[in-house]
Each structure stands twice: as structure tokens, then as C-alpha cells.
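Labels run A, B and C following the written order; every chain starts at residue 1.
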Amino acid sequence: MRMTRALTGLGLAAAAALALSGCNSGSPTDSGGSGGDASGGAALWEVATDVDLAGSPTYDRMVARDGVVVGVKNDQPGLGYEDAISGERTGFDIDIARWIAASLGFGEDQIEYKTIPSANREQAIVNGDVDYYVGTYSITDARKQQIDFAGPYLITGQGLLVAADDDSINGPDDLAGKIVCSVTGSTPLQRIRDEYSPGDTVEYETYTQCLEQLRAGSVDALTTDQAILAGYVAQEPDAFKIAGDVFSEERYGVGLQKGDTALRDHINALFTDGGDVWTALFEKHLAPSGIEGEQPAVDD
Amino acid sequence: MGVIADNLDLWRDALLGTLILFLAGGALALVLGTIVGAMRVSPVPIARGVGAFYVGTVRNTPLTLVFFAFSFALPPLLGLRLTDGVSLALGVCALGVYTATYVAETIRSGVNTVPVGQAEAARALGLTFGQVMSLVVLPQAFRSVIPPMMSVLIALLKNTTVAAGFSIMNLGSVRSYLSERGENAFVVILWVMAVFVALVLLLSWAQRSLENRWRVAR
Amino acid sequence: MSSVLYDVPGPRAVLRHRVLGVVTVLVVLAIVAFLVWRLAATGQFAAQKWEAFTYTSVWAQVGLAMLRTLAAFAAAAVGALVLGFVLALGRMSAHAWIRWPATVVIEVLRAIPVLVLMFLLYYGLPVVGIRMEPYWAVVIALVAYNGSVLAEVVRAGVESLPRGQSEAGYALGLRKTGVMRLILLPQAVRAMMPVIIAQLVVTLKDTALGYIITYQELLWYAKYLGTQSSIGSPIIPATIVVGAIYIGLCLLLSLVATLVERRLRRSGRVAAVAAAAQPTQEVTDTELLATQRTGSPDR
């Protein structure tokens, strides 16, 4: 009995080894055009030289480390996305982060990306785990008590994502009897529950889980910031569409350590003077999904 | 205390959710578990094999994975719409299917504690299968089965909290709803713990008194 | 062939059993066929759904997630064993001022669901200022719960030993510590070894609860991989693969339990105690055995 078990185990292992030898080591997006994404940024800006930012402890840390640590998201296509297989990072927020790093004198290979979920953003910045955070980070007064914001660099608002062939939902008031999905504990979920009356709400840890249920027809709508929804539409324009307009206002900023005005002014200047870079990035990542927008003025 | 008084509606929904998961899941587990347990002790070899396979597979799978399969992978497969009722039903199924394995094992070991001589003597006296079961075997098996069954039910009560990760309103997930309303998460969780300790101690006390009443000298 | 439920089958019974066997097979086949039909109808057998698993980097990630599962399990197992022994010794102490707190701690920790403990550590503590990584929340919660269960198991093992053992120890002049350390504990542990390992299997399974507090173990990775639309959103393939890995790990651990128990059977030293321990196949759940034994009046 033990012999046969051992033999079965060996046989399975051999089969697994044979199967693995036929594996790819690439990624599904390798042969696509995304190879141009990483180098596309190089055409939009150059890595600055002779940068000297006095009075910024964050910048001093970057110089000492000879690299930048950026906090980002990894599950928002078009904004902050990491390919599950190749590990490549793409998106509007990612490119903004690269642009800022380049303006500080750091090239692509000197950037380290850290995926930080929404709930842990303030702590990561306060602790110094990241130098700055670019990831659908809404500017709120509550957060300003712990950290500083540069920007805003994008204005959006809460929206609804529905199946492409669903015409029954055109706005948050059409949600009676419909099932709405969002992320546990998120502001969009709270707002939908408090201010509108959906049929039922379903909550998961990530938006991609909601997307799967929407695709299968198990829920009727996904709600979060429209910029994020735009990314999902751009990924699969035949499957999803955005319903109605935004019904709140969210202003995305770059999260920085509190009190670092030198870095904040530097980034704000970069945004104000870099209108064409901003427009190019917007055209590349967000316009394909159909949303429109213009660069907002930075806060003082 | 303010946490409870101000949010009575949420606490009531959470307690209701936990109770439904516990009672419905328990009922499903008892029914399914009795069937599988009967299969495992039956004279039909195929039934024994199927029962052993089911128990062996599900017992070695984490409950979270069973929940994941039912709540997340099954709806696209069967085209279900995730209303609150459907989510609850999926949770009940997950708990029932998982706990049924423990019920089956309890029944099997309970039946096996009855000495074979009892049944053989009963048959030698000419009793039919039904009489052997109802007069001789089951009363003795019942005494050995009930205390471990209470343990299984206590474990089921604690396992209902796993539904918190799968969009079902129960005592485990009430924390996130209360955080939305601005309540202190630490205090909320302490209250949830207190409720569970109270419920489990209650059930344990019931189990101990049953054990003492029906103690079998072996 | 005779057992409690049925006698040696006569010709009519043999026929009836054959019919029942066929019926069982048909029912099982019907369920399997339904599942396969639904899987095929939603395209789960398409090559595109399984494409994710042809990439070595995906398998590397799976391996990494498995390592994280095992890392949490290893730390929790060691911690639970240590805590279990400490609490058991406290519970069996002759001094009431040690015994009562130990009893209370064991009872309370056994009554709290593991997930609620994890929530307390991961979501509750930050409110009072302590930030904890998911790994430590998972490990500490598992140690607390399984340690208290193991404490009861060890205590049950010690109390199931014949009283003559400890009496002989005292007669030889040993004190309580010596009797416990040299005579009772080694035998108790050897007798309860299958139950202890069964509880460790439960610990391994409960590491999956870390998924809910975002600890990046196997189930978390299955969800992450299964929701990537760039590779066809392979939820069901990912669930199946991860499920197979979990079952494999648990079966491996249970195999160790069976082997250990078989070696114990052969060892003459625990012959008397082996009668108290039931074979591993009969072990339903550690709690069942522990509570079955603790029906003694001096609890």
C-alpha cells in the first residue's frame, strides 16, 4: 500500500515536471504593444539633472537611498495597474509618479513601487514607508491632519458601471430593486447606502471581484470613482459602460509627509508648468474610455 | 453601552444573520450529515467509498475556501443574482456542507461505540431490523452521539463568523457597518467577543449537563 | 462482516445492496454531470481560462503564497504548542491562584471565534494606536485559540493516565514538578499525539482565514489571480488549483499523524494508554475527544 502510494506520488511529480517544462516564462501582454508603455514616458519628459531641492527631508532620503519609493495601487487599469504575470506597472497615476520622479532626477530603474491598500495609506506616508503616494488619493480635510497633498491633478466623482447592454440604469436614482457592488468600508458604498436606495448591496475586498460578478450578471452595478470605472471600460468596452454622470466630487492629490512644503511646491510647479505632459497622459490612459477632463488648478 | 443602544438596528440584523446561519446551517448539516454518516456505515461498499471521499475531501479543505467557492465561484456558474437572500442561502449551504462532514463522523463513531454483541443478541432474539434499531442500537448510540454533536454545533456557531468575509450580515461583519457610522472598532469587536463567549458558554453548559445525565460507563 | 447495523447479508440482501450501489453511483454521476455541464456552459474548460497556469511566474507566485501559508502555520504551530503546555500546567496546578486564571483564560479563548480574534488584532488595535501586520494578526490569533484547545488536550491526556503512575512517582520521592516532567507529560503527549496533530491540521486550515484580513496567502492569491481580466478571469481554475494544494497539504499532515500513531501502537510503553486513544480514523475533532474526557466531576 505504501509502495503504490509512493509510486503514485513519483508519477504525479514526473507528470508535473513534464507539464511545467512546457510553460511560458513571458506574459500575455508581452507580444502586445504594451512594451511601448514603459518607454513611452521617456518621450514625454527627460530625467532632470542638477536637481537640488533644499529643505525637503523626503528629498534628502531619496538622494541618500539613490532611489524613490512610491506608493501606488495595483488593481485599477488605466490608473494604477500591475500585470499579474509580468509585474509591469501601467496607468495614469503610475505615469504621474514617474514624471515626478524624473523631475527629481530619478530614472525608471531607480523607482520602487509599493502597493498600499486604501486603508493603510496615511500610515505608510507618516512612517516613511513611501516617499509619496499616487493612487486615486482623494484630498480630504480629515486626511490633511496627518499628511500633506500636492495637486490636485485630477477631478472625478462617484459614478456607476453597468453591463454594456443594460439600459435600465442611467443614474443613482434608477437603483431601486437593483444590486450594487462596491468595496467594504469605502466612501462610495456608504454614500450609495445613505443617500440613495438601492435594492441590495454586495461588498467585496477588491473592485475586480465586483467586476467579475457584474460580468456574470450576479450584480447590476459597480460604484466607485468614475476615473477608476473608466479604466475597466477601456479594458473591455464591449462588456461594460458608464451609466450617467458623476454624483459627487473627488479630487486626487499626491500624498506627502506633513510639513514638506519644498517638495509640495516643487510638485505643484511641475503640474502647473507641465500642461502638455498632463494632456498627453490623459489622452493616453483615460480618454480612450470616453471620459473628458481638463487639468485642474493646484491648491495653494 | 452607547455602541449598542445607538445602533440597535444593526446589532439586531447582525444577531439575526448569525442565528439564521447557525440554525439553517445546522439543520442542513444534520440532514446531510446523517445521510453521509448512514452511507459510511452502510453495507454497500460504493456508498461507503463515496461517503469516505466526501468526508475526506471536505474535512481537509479550509472553511474559508468552501465559502469562497460557494459565494464567489458558484454565482457566475449558476447565473444567480446576488440579492441578500441569495448571499445568505449560499452561506448557509457552505456551512452546512462543511459541518455535515463532522456530523457524519460523529454519527459513525457513535454507532461504532455500541458493542456488536448487543445487535447480534437482538437479532438472535428474532427482532426485525426496525426493532433492533429503535429498541436496542439507537438509544445506546444516541447517548454517545449527543455530547460530541453539541461540540460540533458549538464549532458551527463560531464558524458563522467566516461569513463576514463574504458580504453576509452577521456578528462578524457588523464591525465594518459600525465603523462606517463612526463607532470605535475596538469596542465593537470586544462586544462581539462578549456575545460569542456568552453563547458558547451557554451551549457548553448545556453539553456538560447532558453529558453528566447520560454518562455511559465503558 | 457482521456489525451493529447489519448482519451477514443473505441472497436478498446482496441483491438489495447491489441495487443501492447502482443507485448511489447514478446519483453521484448526475451531480457530477450537472457540474460539468454548468462549467462547460460558462466556458470554464476553454484553454483561455487555464492560460494563466502556463506561465512559470504564476506558479512562482503560487509557490510564494504557499510559503506564506506555511510560514504562518509554522509560527502558529510552535506558539500553540508552547502556549498549550503552559496553560495545561497552569490548569493542573495545585495552587488555586494559578489554576483559576488559567481555567478562565482557556475557557474564554476557546469560546472566541478565531476570525473575531484576528479582527480584534488587525482592525481593533489600530484604533488604540498599535498597527499590526496581517501576518502577526493571523499568527497570534491562531496561537491563542489552538493553544487553549491543545491545553485541554494535554490535560485530558494527563488525566487519562492510570493513577498508579503518579503515585509511584511520589513514592520514589519525586515532587510534583518531577512527576509531571518525567512521568506524566511524556506519556500523555505520546498518547495524545494523533489528537495534537489533528489540531495542527485545523491550524493549517485556519491560516486561510488570513484571506479576510488581506494576508497574502494561497486563497488570497487565488482571488487575486482569478479576478485578472487580462488572463480571462480564471476564478474557477484558480479555486480548483488552490483547493487541491490545500487538500494536499492537509492530507500530508494527516499522513504524518497516521504514521506517528502506528509507531505508537507498536511501542509497548504506551500499551496501557493506547486504549484510551482512539485510532486516527475515528478522531472526529479534537474538541470532541477533549470534551468527552472532561466529563469528570472535578472539572
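Throughout what follows, a contact is a pair of C-beta atoms (placed from the backbone, for glycine too) under 8 Å apart; a residue touches a chain by one contact, two chains touch by 3 or more.
Treat the numbers as computed from the prediction; the structure is a model and nothing was measured.
Distance from each chain's C-alpha mean to the overall C-alpha mean is smallest for C.
The chain pair sharing the most C-beta contacts is B-C. Chain B has its Cα centroid 41 Å from the Cα centroid of chain A.
Taking each chain's centre as the average of its CA atoms, chain B and chain C sit 16 Å apart. Multi-chain contact residues of chain C (touching two or more other chains) are listed as 42, 223, 226, 235.
Across the assembly, chain B contributes residues 72, 76, 165, 179 that each touch 2 or more other chains. For chain A, the set of residues that touch two or more other chains comprises 205, 209, 212, 215-216. Across the complex, chain B is touched by residues 1-7, 9, 13, 17, 20-21, 24-25, 28, 38-39, 42, 44, 107-108, 110-117, 119-120, 123-128, 201, 205-209, 211-212, 219, 222-223, 226, 235-236, 239, 242-243, 246-247, 250-251, 254, 278, 282, 284-285, 287-288, 291-292, 295, 299 of chain C.
Remark: chain C residues 42, 51-52, 54-59, 61, 131, 214, 223-231, 233, 235 touch chain A in the complex. Residues of chain A that touch chain C in their complex: 20, 22-29, 75, 83-87, 117, 123, 205-206, 208-209, 211-212, 215-216, 235-236.
Within the complex, the chain B residues that touch chain C are 39, 41-47, 50, 56-57, 59-65, 68-69, 72-73, 76-78, 102, 105-106, 109, 111-112, 114-116, 118-120, 123, 129, 133, 137, 141, 147-148, 151-152, 154-155, 158-159, 161-162, 164-165, 171-172, 175, 179, 184-186, 188-190, 192-193, 196-197, 200-201, 204, 207-208, 211-212, 215. Residues 179, 181, 184-185, 189-190, 193, 199-200, 202-205, 209, 212-213, 215-219 of chain A touch chain B in their complex.
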